[in-house]
Every structure is written in structure tokens, then in C-alpha cells.
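One structure, pasted below without further comment.
We just call them A, B, C and D in the order they show up, numbering each chain from 1.
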């Protein structure tokens, strides 16, 4: 597919009612920048049956901008982060952007920005981070509080900026795989998959059915491990010991299943351009299948305990509510958006290989509170476990890996993968020689961070860790 | 008041009850309102209400002791109340002087514009800390001694003749002192500790010695009464013998001796241990700020936020008002926020009365013309009316 | 003797609670003596002192430790306490208030919003807990007609339980709830959490290090010991005739209380910060109910 | 409560007794590097190495190695082979640069430090642009299986309470100041543990201007734990060796 170059008003109109998957710049003629949007169909309205969003429907509107352009954010709030990023990268100013602050601080001095401020002598600010209390990545959170109540939360990231996105096009094949597998360490499989699918599309090759099935195994194992860990962490945040300890251990067991398959607990080195690097022999597949069944039995028990504990549910319910409207307007993705009733799932919208099942379940919630976000994760674990079970029982035959070919010149490719956090979007463009010219990586966290900030308004500050865990976003996936 | 009440041979119960109830209401309301104040002088004024409440509570318990026939409770309650009158005079003058010094040094009496003053005004700050501990009723200071006596009186009543009053006094006074601790940790913490929150506090310096010395003297007095508690009872002995002659105060004197000794010991040992700690090897640093490079003074807890959880619980009496526009949209514009607690008496009692008085006055003005003849006529009419009334 | 026991055994309680929780989680868990090792390490370390702080920063922990030690001299265990006089209950409570005053000010001294947040929560809970403690002790005073802790200990016991079992149960529950609240245990606070924004006790001492932190940790172990000891000596005292047996029984009950704390922590979640006042209020209500049952 | 107890009985006691001698079959453990086997002029391994960790015929830098195993796969002479032992942590950076099959594993701290930290060690973890994989594997140490706390080691919230830093990530330029500030907030005596290829050498981002290329040069590192990410057993093994709880060439 090629971007369709439009005038600015037409371009802006093209975005209406659609989900903005990515917004990137490509160098244009004589200092101008070609702004390309990747859009997918918007969510089905709340009344329709969940998952009614039909497959396909990708669009690539583009326009040429130079110097300044009228900000898209006013009409399409979901563009706010992309525009800030665009400005930081291309120095083209979106005029009228309500909140044009640095995203990644590529020039250093992180955290040096005008924070939104509620004035008044009673208001105090709580500044948390970059070094947090737990074993987590760095980021800066600025709360405007009156007593225990959060009036506003602003999140300023960029501490993790390593310059990976910039380095991707020129890197050797081996190094670029190392890059994408560490884009967000807990989503190694998701990003590796999105990256490889782009390369394969540009080279015009198709991977075998077996490789596709094994890729799906890797992706779903990653989802299971992370959802399980998140649920345990949620229990831990409210101090509920049994589920926290059990799920913590089970997450490790799930990671070990991936380790059993490819030697790395995070699935690094499993997915490679052209297919996969490790096969699952029948014995190994069966071993994973039985161990998975055992793990899921323990998981169900741990989660049953969580569901039955009144003291836990009291903490989860009506905490950190994110409305469906807000989730839609801000273009949130993944379990977070689905918990608010936005029935979007790339496995359903852009299916491939084993996902080509028109009835693949999309799990949604209604209220968008912590309880819903936990519920959606529980449901998705069940779906993934059942899917994996049947997949492992009937792995199709075929070669593991096909050889890569040269990539097409002047081509443009978009790859959308539903990682465990949500939609991962990779965009790659080649130059006239068929070398990579530019790459764009959109981790689901890039969008969802703002959802967290919004969900915190009017909440108790002591509930922040709980809300944060219920989103569980990646810092380095955002900072790249 | 005590004089009048004790004229009667056997005071009746309801006098005591009345005093206990008034004491409780004024004590609890006083401290709750103090907790909500932003201005140091107003806060201290509210605490006067609280302390008068404690005094009334002590006297009330004492009267109940008299009427119920428990001389010990009577002596303890009355003695505690009387002692608290003294004590209050000392620590409250100390605190007001401290507030004055603060106003002079920083140019503001707003609590929120203090901060870090103990470093800049160690004398004032130290004296104020002692006064705060005293007014919060902490051992080994004088406030604890008088509250100790009142508590003892309540316990006596509880175990003997007036259990209900004893329980009310005990629970009420406990709540009051718990809240007083909250209130004075707020003041000391926000005004004297941490980093300066305003330019005034930034450049504050210690006040003149002539202002400082009385404060230090008063602070010393607070401590002295605390650790010399058994002697204090001796001073009170004579009037108490008159009020409650049958009371045997010897065990109380013993208890106070222990209180003073142990309290004094705690203070000395605490200072010693603190000193020992400060001699340990240390390296200077910054307050831990999560590695953030640009902390500001706004990143300190404010007094309002500090008291927030407690005020929330008492919002049914305080009726706090918050001014400020809500945040709108995903990317709100900066907004301001301001909260205040109005004095309910001003708001719901004095203001309506004064308003209706004014209205009445305006109506009455019809009669006022400024002409002497008319006024003479008014007098005449009044006289006639009086005569008629008299005749009837 | 009982005082020495407290001094040496207090850090063991924390280890015991950890062991109970470890059992429930299905892990080996920390060594029982871990807190002793921690203290030994901390006293030998350096301190980092913030340039913002004043002597209050170190005086706070020192005063609270010393006050708790003084409290320890007042509580009976297996025999009357070292010091006993009518009204020692009040001095005991006054010293606890002093502990709170000192720790809160030491926390506020750093000028950090975290410590301020913890201090604010601490005073709110403390102010509400105060009437609860007074009232539950008042019930015991009325029941035993004694004005000192040792006096209550002497007259409390099986006989009192058979006479006023219900009242004692209520007082026992109220005091246990207060123990949880005052010692920052689940469901009020989570001693295991590392998240600044949700903690109460831990967040107040975020800036203390080295020997000062050792003093704080030891003081909080003592506070837990004292709280459990109150329950053991005043609500469930043993009067077997043999002082040694009484002592052993008393210490046994203290450990049972710790066991119960561990059990609660293993099986329930934390309350939302908004609910904590209700939780603390509940203990006051329980003791009030007991009091009315007694003086009716 | 009964339910919780039943669940506990069902899930069982899960703490592992010792560190396993071998990791699962496909997992890459400590490599055996034999440059003597290298053929003149062969540079297959260097061609496929993402981080230039290997110099054919000379050295293999475990501190840069991502354990992708590509070198072992392409080497026609068997000069690089990956074993399955998790024990890999060392005390000196130079020990990670292998020029033969031997690896000098971490020895214990000196006696004075051991007396201080032997039974009680508190670490403050700082993620300096780590990708959350090392962080996850450090977190895993707190779970039932590894149960780090049983050795008296724990992670704490405040650097003031800590005895050292455990650093992950290549130290982005944006995190440099925060890392140094955290270090200054730790009271002496103190340790530094660098976990993962990124923290040791910068990992895949070793030559980016946006990163400092690891912890070396910024902080005095006491223990290096290689891997991308290191297996949790590797981290545990390293910490226990540092505390003198584990000796000998293999894990016990």
C-alpha cells in the first residue's frame, strides 16, 4: 500500500471517526515533511455485539507540511502525543496544540517542562520518580493534590530514551533484531513479530503455516505470562497475599514455558525474519501443553480466591474509572480500552495464520474501572489458554524458516500485532535502493499513558499504585 | 465561677453536668476549628476555646465528684482545672509570643507561608516546640500534669459514683488531646520544619533577644512545672483542702512524683540518645526526591493537606467551602483552588443577629429627625405612658 | 526480668509474623532472627543527613525509642511491673502520644511530600485511635477498680472472664484492632509494600538511615511488643501461682497475638485509605459498647 | 480464610532448595570459549554478533554478549559453545573478557564487609533505561521459587535504607543524573551490582550517544551479572557468591 497524498483539510477529514494507529514523518522535497497517518476503522458503537469490527480497512492518508501546520489535536485528541513527538523530531510546529510539551527530551534535561499547575496555597505537589520505590522503570509523575485527593496527574517520561527508533533503519540484521527485542523487554515477542512481518512484507515472502502457528504460540505465551503477573501485582498492591504470591510464581512458570521452547524466558531469539528459529518437536509441544494445563489450574484457583475476597473487590470496584468516551477520543488500545468497552483487537481486525477465525473472541468490560481491567485480563487468559491448547495439539507442518530476499524499493509497509498490552504498530519504508529509509514504532503504552493520567483525576492518591498496575504500561516502549 | 459554685454546701449534679458538657463541646469544637485554620493567631485563639473547654471539663468533673461524694475525684478535677488555668496562661502566652515573633520575622501569620524556620530562628522555634508539646498535653510538660489530674478525676468517677460522666470525660479529653497533637504537629511541621515556602520565610532571621528571653523563660517554666509536678500539687493543696477537705492527696502526690521522674528521665535520655546519634558518622545529602533534579518548595505537604483527612471526618461541623473551577477536558488550562472554613458562630449566630439588629435599627431611624422639639415630645409621651402603666 | 524479655524478644515478633505469612504463601521466608541482623548492620552504617533537616530529625526517633522503653517499665508481665502507681495508665498513654508527636515531627522535618503524606495519615489515625485506647482501658479500670496497669493485671483473669466474658471479648477485639492500626499492619497499612504513595509508617521514615533507622526499626518492634503485651497482660493474664509459669504464659500469649497478626495479614487485603477511619472508629465503638455494658 | 488455606495446601511449598546446576536444555548458560580452535581468517562469529562482543581468535566479552547463540551456531570449528551452568557473575569487569575457557567467578566480599552484609543486605534497584526484562527477572527473585528474602537480601523503597544499588539498563543520558543522585543518597559503606549486558556494557545500545554505555565509569561496580536478561538463577548465584554463601566453580 502507498500513502495517499491529500491536502491538509482533506487529510484532517480522513481521520474523523477512525482509530489513529500511527503518525509519522518522512523527509519530503526541499525541507518539507510528508506526514503520514496510519488509520484503522474506529470501534463499533457500544450497543453492537462485541468484536463486531470487521477485518481490514487500513488507510494511509498523508499530507505535506512545512514550518507549521494547524494542530490536529483540537479535532482529534488522539493525535496529541503523535503531534508532540512529530514536533520534537521534525521541528514542524502544530499550531494551537493545547499541550505542546517534550515527549522524550532527546536533548537531555528530562523533567524540565512546564507542568500543569493548580494554584492555591493549600495545593501541594507530589513529585514521584524518576526513581520509583519498586523494581520498575523510571518516569516522572507530578500530582496536584489537595490532601489525599488527586486533582490532576501529569506524566513526564523520556528517561528511558535510548535512540533505538533512530538507529533501527541503519542497523545490521542481527543488531536490529536485538533492538526490537529490547524495545519493551516484556513484549519481546510482540515487537519482534511486528518487525519481522514488515520485513517479510517488504521482501514479498510468505512464512510457512508452521512458523505462523509457532509465532502465535510465542505471542499467546507472552500474553499469558504478563496477564498473570499483572493480576498477581494487582493483588499485591492491595496487600492480598495469597493471590500475589501464587500468581508471582505462576508467571515465572509461564515464562519458563517460553524458555523451554526457545531458551529465553522472554522469547528472545525465537522469532526471526522468514519464520522462527526454534521448532517445537511433538514431545516438547506436548510437554508445554500439559504444563500449561497444570499452570492454568493453579491460576484459576488463585484468581478464584481473588474474586471471592470481598476486601479485594471493594478496592477494585469503581477505582480509576476510564470512560468509553475518553478511551475512544484518546485512541487507547489493548485490554485497557477493551475494559472500557472499546471492542478493538488486532487479532480480530487484522488476522493472520491461526487467528483467521471469524469468531475469535474479543473480551470487553463495561465500566472501565480496575475491576474491569482485571476481569478482561482474566477472560483473555482463558481465551489464550484454550487457543494455545488446540494450537499445540495440531501444529501444522511446514518449514521453520524461509530465506529472506532483497526488499522492494520505495515501498511502505505497516504491521499491526495485538501484543499483550494492545496494538503494536510498526511502519517501515524503503528508499530507492530497497534499504530501510525510516521506521516507526508505536508501542501501546505510547497512547495509554495519557489514559492513566485521566483515570486518576479525583482519585485518592493512595490508589495510584493500584491504578498504575491495572494499566501496567511500558516506559521504554514509550521512550524508545 | 468556682467561688460561686462552691458557696453552696452540696452542689447539685446538674451544675457539674452542665460544665462537663460545655467543656466537651467547646473543647472538641475548639480543636477541630483550630485544625482548619490557616492563620496562626486564629488557630491559637481556637485553641483557647479548646483549653477553656478542658478547664470547664475539669471543674465539671470535680463538681460531680463533690456532689456524688467522691472527694478524691473532686479534688483531682478541681485541682486539674485550676492548674490548667495557670498552665494555659503560660504556654498560651508563649505560643502567642512565638506567633508575634513569627509575624515580625516573616511578615505573615499564614501557616502556609512559613517553613524551615527552626533553622533560621532556633530560639523561637525551640521555645515554640516546647509550647506546642505542652499544649498538646505531652509528658513531661505542664500541660500533661493538669490533664493527668483531670483524667484521673474521670477515672475515679468512672470507677465510683458517676461512671457515665467519667466515661464522657475520658473519651472526650482523649479525642481532644489526640486532635491537639495533630494540630500542633501541623503547625510545627509546616511553619518550623522543612524548606521555606515563601520569600518571607526564606529571609527570616532570629528576633531580638529582648523578645526571645521571655519566650525561653516561659518554655522553661512549662518544663519546670512538668518535672516539679508534686510541688505544684503542694501549691494547690491549700485551696483544695478547702474545696474537698476529705480528699487524701498523698497517693496522687506519689503518682505525680513518678510521672515527673519518669517524664524527666525520658526527656534526658531522649536528648542523650539524640546527641549520640548525631555524633555517628554521616554524610550530607538532599532530602530523597526520587532522583528528580528540580524539586520546588511546592513539593512539600501543605498544612491544609496535612489536616485534610481529619477535616474530612469533621466536615459535618466544619462545612468547608472550596472555590475553584473543575478541570475540564483532556488538556485543561491552569486553574486556581482555594478552600476555607468559616467560623460557624460568626456565620450562623452573630451575623444573622447583627443583620436583624441592623434592619431593626434602620426601621427605628424613622423616629430620628434631629429636631429637639420632637425628642422632647418623645420623652413626654414616654413619661405619660409610664404613668399610665404605673397607674394600671 | 519482664523488661529484659521485652528488650530482647521484641524483634522476634516481626520474624514470627513473617514466618506465618511465608507459610501461607508457600515459601521459606525470612529467617526468624532477620531483624536482629538488620539492626546489627544498621547501627554500624553511616547516615545520610539531608541539608534541610534540623536536630528534630534525630531527636524524634531517639525520644520515641526512649518513651517506648519507659512504657515497657509500666507494663506487667507475669508479675507486677517495675514501676506501678495509680494513674500509670495515663502516663503510659501520654508517652505513646509523645512517640507520635516525635515521629511525626521528625518526618515533617525533611520537607518531603512523601513524609508529609505519611505524617498526615499517622496523626489522623492516631487522633481517632486515642479515644479507642482510652475507652478500652477504661472498661478494664471499671471492671477491676484499679487505676494502674499492674493493678488491672492483678485483678483481671479467668475470674473476670467468667463474670463478664462478653465485655472482655469486646475489649479484646477492640484492642486487637487498635494494635493493627497503631502498628501499621494490614488492613490499615501494608508493612511489605514499597510504594511511597500508599504507605503510612514506612513513608514517614523514608529519609532516615543507618543508626537512626535502627532506632526506628527497634522502636517499632518494641511498639508491637508493647501492644501485644497489653493484650496478653490485661486481657488474658495467667495467674497460676508460679511466677515463672505466669511469665511463660504471658510471653506465649504475646506470640499468639503476633501469630494472629500474621494470620490476618495472610488472608485479607488492605482497606482503602478512605475506609481506615471507619476501621479505627470501629474499635472505639466496640470499647464504647463494652463500657456501656459495664456501667449500665 | 479456610479457602486461602486450602489453596495454599493445593499450591504447595514452592521454594527451591538450591541453585540448579544446569538450566533447561535450550537455555544458554556459561559459554566455553576456545579461541585456539579458531581458523586463520575466519570471522563468521563476528559477522553475526549484534554487539561486537567477540573478536575471532582472541576474546569473547561476556559483558556485551546478549546470549543469542548465533556465534555458536555459525562457528564451523566449535570455538564457542554455550553450556548450561547459570554461574557467571564476576567481581571485575576484566574477568568477563574471556580469552580462554576459564571464567573467574565472583569471590566473596572482604571480611569486614561480610560481617556487615553477610546476613542482611538491602538493595535499591535503579532501572536506568532497562527494557523491563532485567527488571522482571530481578522482581522474580522475590517470588516463591527463589525467595530472596530467606538469604536476608531484600529490595527497599528508599536509597537511604539501602546498602547498595542494583543497576539495570545502559544508563541513558536522561537517567544519568538520577542514578548518581540515588547513589549519593545511599549511606556508606555501599555496593553496586550491575545486572544485564546493558548495565555492564550498554548492550545493544552500546555506542548510542543517548546512553552512557553502562554503569562502568559512573559507579564503582562490585558485581557484574552478565546476560540479556540474566536468568534469575544467575543473579541469585552472583549475589550469594558476593555474600560468601556459595563457593566453588559450580553452583551447589
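Please note the rule applied: a contact is a pair of C-beta atoms (placed from the backbone, for glycine too) under 8 Å apart; a residue touches a chain by one contact, two chains touch by 3 or more.
Note that this is a predicted model, so its numbers are computed, not measured.
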item: Result of counting contacting C-beta pairs for A-C and B-D, higher pair; value: A-C
item: Centre-most chain, if every chain is reduced to its averaged C-alpha atoms; value: C
item: Farthest chain (mean CA position) relative to chain D; value: B
item: Centroid spacing, where centroids are CA-atom means, of chain B and chain D in whole angstrom; value: 59
item: Between chain A and chain C, centroid-to-centroid distance (C-alpha), Å; value: 46
item: Rounded Å distance between chain B and chain C, as computed from the means of their C-alpha atoms; value: 28
item: Residue numbers of chain C (touch at least two other chains); value: 24-27, 46-48, 113-114, 116-117, 120, 194-196, 206-207, 210, 266-267, 273
item: Residues of chain A touching at least two other chains; value: 124-128, 130-131, 133-134, 138, 147-148, 242, 245-246, 249
item: Multi-partner residues of chain B (each touching 2 or more other chains); value: 282-283, 285-286, 288-293, 299-301, 305, 308-309
item: Category of the chain touch graph - line, ring, star, complete, other; value: complete
item: Complex contact set, residues of chain C against chain B; value: 46-56, 58-59, 61-63, 65-67, 69-70, 73, 83, 85-91, 93-95, 97-98, 100-102, 104-105, 107-117, 119-121, 123-124, 126-131, 133-135, 138, 141-142, 145, 147, 206-207, 210-212, 215, 273, 277, 284, 288, 291, 294-295
item: Chain C-touching residues of chain B, taken from the complex the two chains share; value: 115-116, 118-119, 125, 129, 133, 136-139, 144, 148, 151-152, 155-156, 158-159, 163-164, 166-167, 170-175, 177-179, 181-182, 184-186, 188-190, 193-195, 251-252, 254-255, 258-259, 262-263, 265-267, 269-274, 276-278, 280-289, 299-301, 305-310, 313
item: Residues of chain A touching chain B in the complex; value: 73, 77, 80, 98-99, 111-112, 116-132, 138, 140, 145-149, 151-152, 326, 329-330, 450, 454, 457
item: Residues on chain A engaged by chain C in the complex (per definition of touch); value: 124-128, 133-134, 147-148, 235-242, 245-246, 249, 309, 311-312, 314-315, 319, 460-465
item: Of all residues in chain D, those that touch chain C in their complex; value: 1, 4-5, 8, 11-15, 116-117, 119-120, 122, 144, 147, 149-150, 152, 155-158, 160-161, 163, 184-189
